[in-house]
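Listed next: structures, encoded as structure tokens.
Shared chain: subunit A. Partners: subunit B in the first complex, subunit C in the second.
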Partner chain A sequence: MTSTWITTRAWLLMLPLLIVMVAIIGWPLVDTVRLSFTDAKLVGTEGSFVGLDNYVKILSGSNFQRTLITTFWFAVLSVSAEMVIGVLAALLLNQQFYGRSVLRALMIMPWALPTVVNATLWRLIYNPEYGALNAMLMQFGLIDAYRSWLGEPGTALASLIVADCWKNFPLVALIALAALQAVPRDITAASMVDGAGAWSRFRFVIMPYLAGPLMVALVLRTIEAFKVFDIIWVMTRGGPANSTRTLSILVYQEAFSFQRAGSGASLALIVTLLVTVLAVAYAALIRKSAGVS
Partner chain B sequence: MLKSVTSALLGATLLGAALSSPAHAETKINALFMAQAAYSEADVRAMTEAFTKANPDVTVNLEFVPYEGLHDKTVLAQGSGGGYDVVLFDVIWPAEYATNKVLVDVTDKITPEMKSGVLPGAWTTVEYDGKRYGMPWILDTKYLFYNKEILEKAGIKNPPKTWAELAEQAKTIKDKGLLATPIAWSWSQAEAAICDYTTLVSAYGGSFLKDGKPVFATGGGLDALNYMVDSYKSGLTNPNSKEFLEEDVRRVFQNGEAAFALNWTYMYNMANDPKDSKVAGKVGVVPAPGVEGKSTVSAVNGSMGLGITSTSKHPDEAWKYITFMTSQATQNQYAKLSLPIWSSSYDDPAVSKNQEELIAAAKVSLAAMYPRPTTPKYQELSTGLQQAIQEALLGQAAPEDALKTAVENSGL
Partner chain C sequence: MERRSLTASVLVHLAALLLLVVILAPVVWLFIMSISSTPDLIAKPLHWWPDTVDLSRYGVLLSSVANSAGEAFVASLFNSIKVAGMATVAALIVAVPSAWAVSRTPSVGWSLYAVIATYMLPPVALAVPLYMTLAWAGLLNNVFGLALVYLTILAPFTTWLMKSGFDSIPREIESAATMDGARLDQILRLITLPLAAPVMATAALFAFLLAWDEFFYALLFTSDQRAKTLTVAIADLAGGRVSDYGLIATAGVLAALPPLIVGLFMQRALIAGLTSGGVKG
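What follows is the complex of A and B.
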């Protein structure tokens, strides 16, 4: 068999999938690009060509810049906290102890919850009148009066990040735990015999096995965090005073609440572009770290 | 009760018989409602069941969403080719829905009996540009609720007649140590905040638009926001109000943690239900106060209507369903959480039974209802205004500056 035949056959076999992908991903994407250069409304007018107007308006507006910063902080803080907590939880659950399998199963729970349920749950926890968090902090004597966690710009974003962390750290933990299974026991045993402490064992023996899988978790979580919508929409709808409004919420408002499909599309494409840049950068990092280990 | 059920059913059957064309195969219509304030989900289901009993050839699929999702869900369904035949819509949306042809013009379907029987003010809920886009269904405004026991303990004989008096009474209650923050509002970054703001705008004699241009940054519009900020900063208002929706206000009031609260009709009977409320039997309700020299009472038009979508394939059955849901018989039977649109219902002892105070307040308030601005760009205007209110409350901007920004961003 010639190599051209192999190539041809491979493409032929992939053809059905390619057709489906073009139909459900390619076409909407092309149509979104077209929409982004028009002043189309969601219902009613088809809109006319307006060139780069939508992009210029969005990029020069203060709304976009402020929202981008909010999104950036949300993504950086929630993802880094999830990585740290996730790895620590995985290390713990990798130890031999009674009840380990029950704990492992329990840990999945937050991640298995639908985001909307999680958001509603945390809204109750943060409730300024009867929330569990206020009650707990009061009993410990850490605060002297109930506080409004989601109603103050200073604490609203941080409170959202905690809620998001609680839901998503299990994913990181799960990936890390799977990677830890691959660490050969004789190497860890040998390093202990050689007198390596806990930190050196983690840094030089375990970390090389974790790096690749963790990078995948990091990519997945960063992209997700950058697109965050549902948890914020349920908990604060972008308030108070827009202090928790992220890019996806801005897209939603523009396209659906204000029904400006044209500028909504251009905003969505800008977000897509930002996420793509992140994904490409990470992919390069993964390749590099794979080469190293 | 049994009698009213029977008469409702009888009325429905007669109505159905009069309107229905010759019997045809079973038709399915989809209806979108909200699960928040006004009629409860259980009420809507019971009304619908009565309708399908009277019209066995029609089945109605019900869907309930929170108020915050109602507009977007309707518009999105429309954008993707339909799905709903009947939708509940807020008084602020007909301009946009009519402009974008979301709803069918039903002006010709409205009978002389409807025209003469329904309260004149209720029609504004469904009107735009002289045409009617549905039937009013929920006739609602914000009332001032007060806790009789707390007022009595504070030595206050009558509930406030003016907003200034409300602040004084709240201060008395605070100073006597009865409650730290006596007033509860729904000032979350949502439409609820605009309803409270509009109530105050109407009290201060302000207006939103003049010749299509926004004018709320001065005069009554500014006075209204100043009142909110003063009340918040002086500690008379529960500071958590800025993350409250109506249901949060109800919970706070029901727990006896508010002496005053601004809320819709539905809170009256819920807060008076001893199963759920600590203040049952102590709930007072009056029209929202006025401002000396400017108004005697204040009220926002918070009514909602039922309309037929332009994508509906069964407009006749949809209209039949709407006429049933908005009929006087149906509305009188379920008059505990939302009051009827029919003027003669307000003198019907069966309707006012056990809620005489509410009916007395409604007679005054419903006649004073002030509209939120009628413009196809309402959503943008409202979003900007919500932000302005919150920024002013949080002290991030002075009220006049916050409102000026809202005017600039309104796109009008």
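What follows is the complex of A and C.
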């Protein structure tokens, strides 16, 4: 068999996938770019070419800037909390204690719970009148009146972050645990013989094994957090007073609630650009961590 | 292994207990809400355990009496099964041949990265044209239309999983069969695909759950019982005028059961997939 034939054969086998990808991803993406230069409505008018108008309006508008900041804080706070708690949980799960295998197995539960169910569950927990959080804090005497956790701009975003973190830190923990289990026993034993303390053992012996997988988890989680829609839509719809409105929610409102397909498309492309920057960083990190290990 | 002092051991057990409570409490509370009577749920101070166990809501949601909450729920349950099922089958049909091709022909490997890259795309980047096209084709509020859209997520995902699956099957087995005079279709049908069956099953399961979980496209492209999926139905319940919190919780428990069961039983395959996929790209 010639290598030309093998390559041709590979392309033929990939043809169905490529056709599907071009039809439902490639073409829509190109069409989004076209729409972003028009004032098209979602239904009805085709719209006409308006050049960079949509982009100029979005980038100079206060809505976009505020939403970008909200998204940034959501991503940074939830992802960093997930990483820290995840690694701590993994270090714990790598110790010996009774019921360890059961606890390890249960760690999958928050991750397996559908995002919408998780959002609904936390919405019930935060319920201002009958929620479990209010009831519990009251019974412990930590608050003296029920609060509307999702109804006040001051606490809504933080409450969302807690709910998101609860669902996602176990995944980080499981990835970190898998990496910890790859640390050779004799290395940790040797470092102890050499008199390394707990911190320097973590920093210099264990951390090199964790760094690669954690970097990957970090970037993947950051990309996910930047795209966040489901949990926020179900819990607050971006409110109160737009205090939890992230970029994807803003695109939804612009393109579908207000039916402005044109400026919705330009906004979507700006979001895509931000995510692409993160994804490129991801690819670079993968290459680096592949080179190291 | 390190020999721990008694204090350290106690601390480790306390920390483990804390982690257990953090992980379990919200899920257990969802279940308790689903079996508590409404007076128990709105009592102050809150009853953490119901006076009487009330399973009636499961009956309500799973009944098919016309115009009941159950009818809408059961319809969305079937829509979810249909959409996720069709999307999974379609994704495997396009993913398996291409994953094998990429695995055995490194020179076309770059195309796989292009496919995986699309997995990072935010759904909002495609949503507007997809909406317009579905409207034009009369496929809005239609399970086939939604299944087609789900291919945007499932096709790259299954290709990626299947590729690492084929990578782990030694190509020497295939070369040996070629030398014995087997044709490519025979090799694939009799040797490679049977060996890849476990990976394929795992990929199918995860693809199904991914579709089961999907909310954004379903929210945009469905509007009533003919196509609304479970996630949209639950979001409607949570955001609507339903005052029976137990009913919302029950819907949540029912929707969460399939992925929870799969998660608990398939844990090993799942973690292996996550870590190997995550590191190798």
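Just a few scattered comments:
Quick note on the criterion: the second predicted complex is superposed on the first by the 256 of 293 C-alpha atoms of A that agree within 3 Å, B and C clash if a C-alpha of one lies under 4 Å from a C-alpha of the other, contacts with A are read in each partner's own complex, and residues count from 1 in each chain.
By our rule, a residue touches a chain if its C-beta (ideal position, glycine included) is under 8 Å from a C-beta of that chain, and two chains touch if they have at least 3 such contacts.
Keep in mind that what you see is a predicted model, and the values were worked out from it rather than measured.
Look at subunit A after the overlay: subunit B and subunit C clash there.
In the superposition on chain A, no contact is made by A:W5 with either subunit B or subunit C. Contacts of A:W199 after superposition on the shared chain: neither subunit B nor subunit C is touched. Look at A:R237: by the touch rule set out above, it reaches both subunit B and subunit C.
Contacts of A:K41 after superposition on the shared chain: subunit B is touched, whereas subunit C is not.
By the touch criterion defined above, A:F256 lies against subunit B and subunit C together after alignment on the C-alpha atoms of chain A. Applying the stated contact rule after C-alpha superposition, one finds that A:S148 touches subunit B and leaves subunit C untouched.
Taking subunit B and subunit C in turn and counting the residues of subunit A each one touches, the greater count comes from C. In the superposed three-chain arrangement, subunit C is struck by just one stretch of subunit B from 7-15, 79-87, 385-393 or 403-411, namely 79-87. For the contact definition in use here, the residues of subunit A common to its subunit B contact set and its subunit C contact set are 42-43, 129-130, 237, 256.
Listed in rising order, the residues of subunit C touching subunit A in the complex are 1-2, 9, 12-13, 15-16, 19-20, 22-24, 26-27, 29-30, 33, 41-42, 44-46, 93-95, 97-98, 100-102, 104-105, 107-108, 111, 113, 115, 117-118, 120-133, 135, 148-149, 151-152, 155-156, 159, 184, 209, 212-213, 215-216, 219-220, 231, 234-235, 237-239, 245, 248-249, 251-252, 255-256, 259-260, 262-264, 267, 270-271, 274-275, 278-281. Of all the residues in subunit A, the ones that touch subunit C in their complex are 3, 6-7, 9-11, 13-14, 16-18, 20-21, 24-25, 27-29, 31-32, 35, 42-43, 89, 92-93, 95-100, 103, 105-117, 119-125, 127, 129-130, 132, 135-136, 138-139, 166, 170-171, 174-175, 178-179, 185, 192, 212-213, 216-217, 220, 223, 226-227, 229-230, 233-234, 237, 247-248, 251-252, 255-256, 261, 264-265, 267-269, 271-272, 275-276, 278-279, 282-283, 286, 289-290, 293.
Subunit A contributes residues 41-44, 128-130, 148, 150-153, 236-242, 253, 256-259 to its touches with subunit B in the complex. Of all residues in subunit B, only 68, 71-72, 75-76, 78-79, 96, 99-102, 188-190, 239-240, 242-243, 248, 251-252, 255, 257, 377, 379-380, 383, 386-387, 390-391, 394, 396 touch subunit A in the complex they form.
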